Amino acid sequence: MTFEPTVTIRVLHAHTDAMGIVYHGAILPWLEHARVEYMRARGLVYADLERAGLGLPVTELFVRYRAPGRHDDRVRVACRAERDGRARLRFEYRVEIEARAGRPVRILMAEATTRHACVRLSDGRPVRLPEALGAAIGSC
Amino acid sequence: MTFEPTVTIRVLHAHTDAMGIVYHGAILPWLEHARVEYMRARGLVYADLERAGLGLPVTELFVRYRAPGRHDDRVRVACRAERDGRARLRFEYRVEIEARAGRPVRILMAEATTRHACVRLSDGRPVRLPEALGAAIGSC
Amino acid sequence: MTFEPTVTIRVLHAHTDAMGIVYHGAILPWLEHARVEYMRARGLVYADLERAGLGLPVTELFVRYRAPGRHDDRVRVACRAERDGRARLRFEYRVEIEARAGRPVRILMAEATTRHACVRLSDGRPVRLPEALGAAIGSC
Amino acid sequence: MTFEPTVTIRVLHAHTDAMGIVYHGAILPWLEHARVEYMRARGLVYADLERAGLGLPVTELFVRYRAPGRHDDRVRVACRAERDGRARLRFEYRVEIEARAGRPVRILMAEATTRHACVRLSDGRPVRLPEALGAAIGSC
């Protein structure tokens, strides 16, 4: 189970703060984006899961910030996933700066893990991971 | 119809950007907060409106940025509202810095207007403003 | 001066709200992203401008919301720009949904305008637009 | 070292997502707000630290999400802090829903920890915690 590239992000002013670096909270939508594209690459459209009445809310989040990101950096998020029991998933991420000031670099900006429960959206109860999801994740 | 104080905001790193000032988009949730507290002060809980199947989505937004906000500023949002036809509302806002570096100041940071349609959440169709809402706004 | 495509956005949960649609404030970073890529396509790296001590803060913002965006929509932002006097710029944007539930659509989600002053970052004073910027914008 | 109440948050549409609950990333600015007010209550203005050339960037983040927050909930963040070696701090948080639909409740929404390095802003190098900061934290 290796890390696979998913999305590329341009660091905007919207992501930075007055310390001149990427705000620590700004990367969470990047991780979400990585997750949905990782699943889509395996034929699994997360929005279809929701249309079928299921969701994968984040139950735990861990981030280790390694190096500050800067405005206009180009950042790549690599990702891998695995089942975590009958009704749970875990995603791991590597957030890497791949270009700064127009030049290629390779700086590990952050490592992260999110855990997710598979739940029925109507009542929030945990349910078994659907076959298609388990298979998609299992195939990584 | 005069402006009335609603909410007080502490400017966080989360609101600022690498230019060292408040990011222009950061004030929109402040305006939302001002709206709901302005209505609540008139006995109208916006969330009750949604529980009744109605919403007030923003249809137009205008902001004029007057002076930059800074990290740790204390900001006050004043607000007023009026009906705008059968199914519409308009809110106006004054966003003022009232303390900087621990000292009282009075700096107009931004002026803004939002327009809202009253819609049925199930299908997004415009509907007449409910009595209670029209009355609450009318009473300002 | 026609609109040109700039960036493509995937609508994430991060962009949506409990009404089930894109939060009105979520599009502002999309507009920022459109601006910087529009300039980059003309050989002008906005971050270089900042390294040279200049900035283009937003002084006015106008958005008209035409149709709600949904989770997982694919959205395209088209953009055009023009000088607005010696020290000012104006950008206009069309935010269009180009795919929904995996099918091509063409829905105008929002139209927007931002106005910008060219300022010296050290003291916030307005300065004449640099040649390269004026020329790049002029060339559209 | 007990948890102390710091800030109270109104859950806005801005904080929620299309699943109808608080977006997991939305609470990070609440934790930041809790930290600065926790320090301010001990006579330590974090912005003064920055004016003196020091910062406390987040180096690690852990959140366990216990129960979903909802639009218009009133949420309270309690916080405690301790030194973590010569140049580090750790904050712990309890995010509790204290009112929902206008009625008092007591629901643990999330527990979180952030770790911070004390750094010189000019070059990002770690430095010993200033006396005033260590003493303020030590006094909890």
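Residue numbering begins at 1 within each chain, and the chains themselves are lettered A, B, C and D in the order written.
Please note the rule applied: a contact is a pair of C-beta atoms (placed from the backbone, for glycine too) under 8 Å apart; a residue touches a chain by one contact, two chains touch by 3 or more.
Not measured: the values here are computed from a predicted model.
Put simply, the chain farthest from chain C by mean CA position is D. Between the interfaces B-D and C-D, more contacting C-beta pairs are found at B-D. With centres defined as mean CA coordinates, chain D is found 32 Å away from chain C. We define each chain's centre as the mean of its Cα atoms; on that basis chain B and chain D are separated by 25 Å.
Looking at chain B, residues 13-14, 18-19, 21, 25, 28-29, 32, 50, 71 sit in touch with two or more other chains. Against chain B, the residues of chain D that register as touching in their complex are 10, 12-15, 28-29, 32-33, 36-37, 45-47, 50-51, 71-72, 101-102.
Per the touch definition, chain A reaches chain B in the complex via residues 13-14, 16-21, 23, 25, 70-71.
Those residues of chain D lying in contact with chain A across their complex are 18-19, 21, 24-25, 28-29, 32, 50, 55, 57-65, 68, 121, 124.
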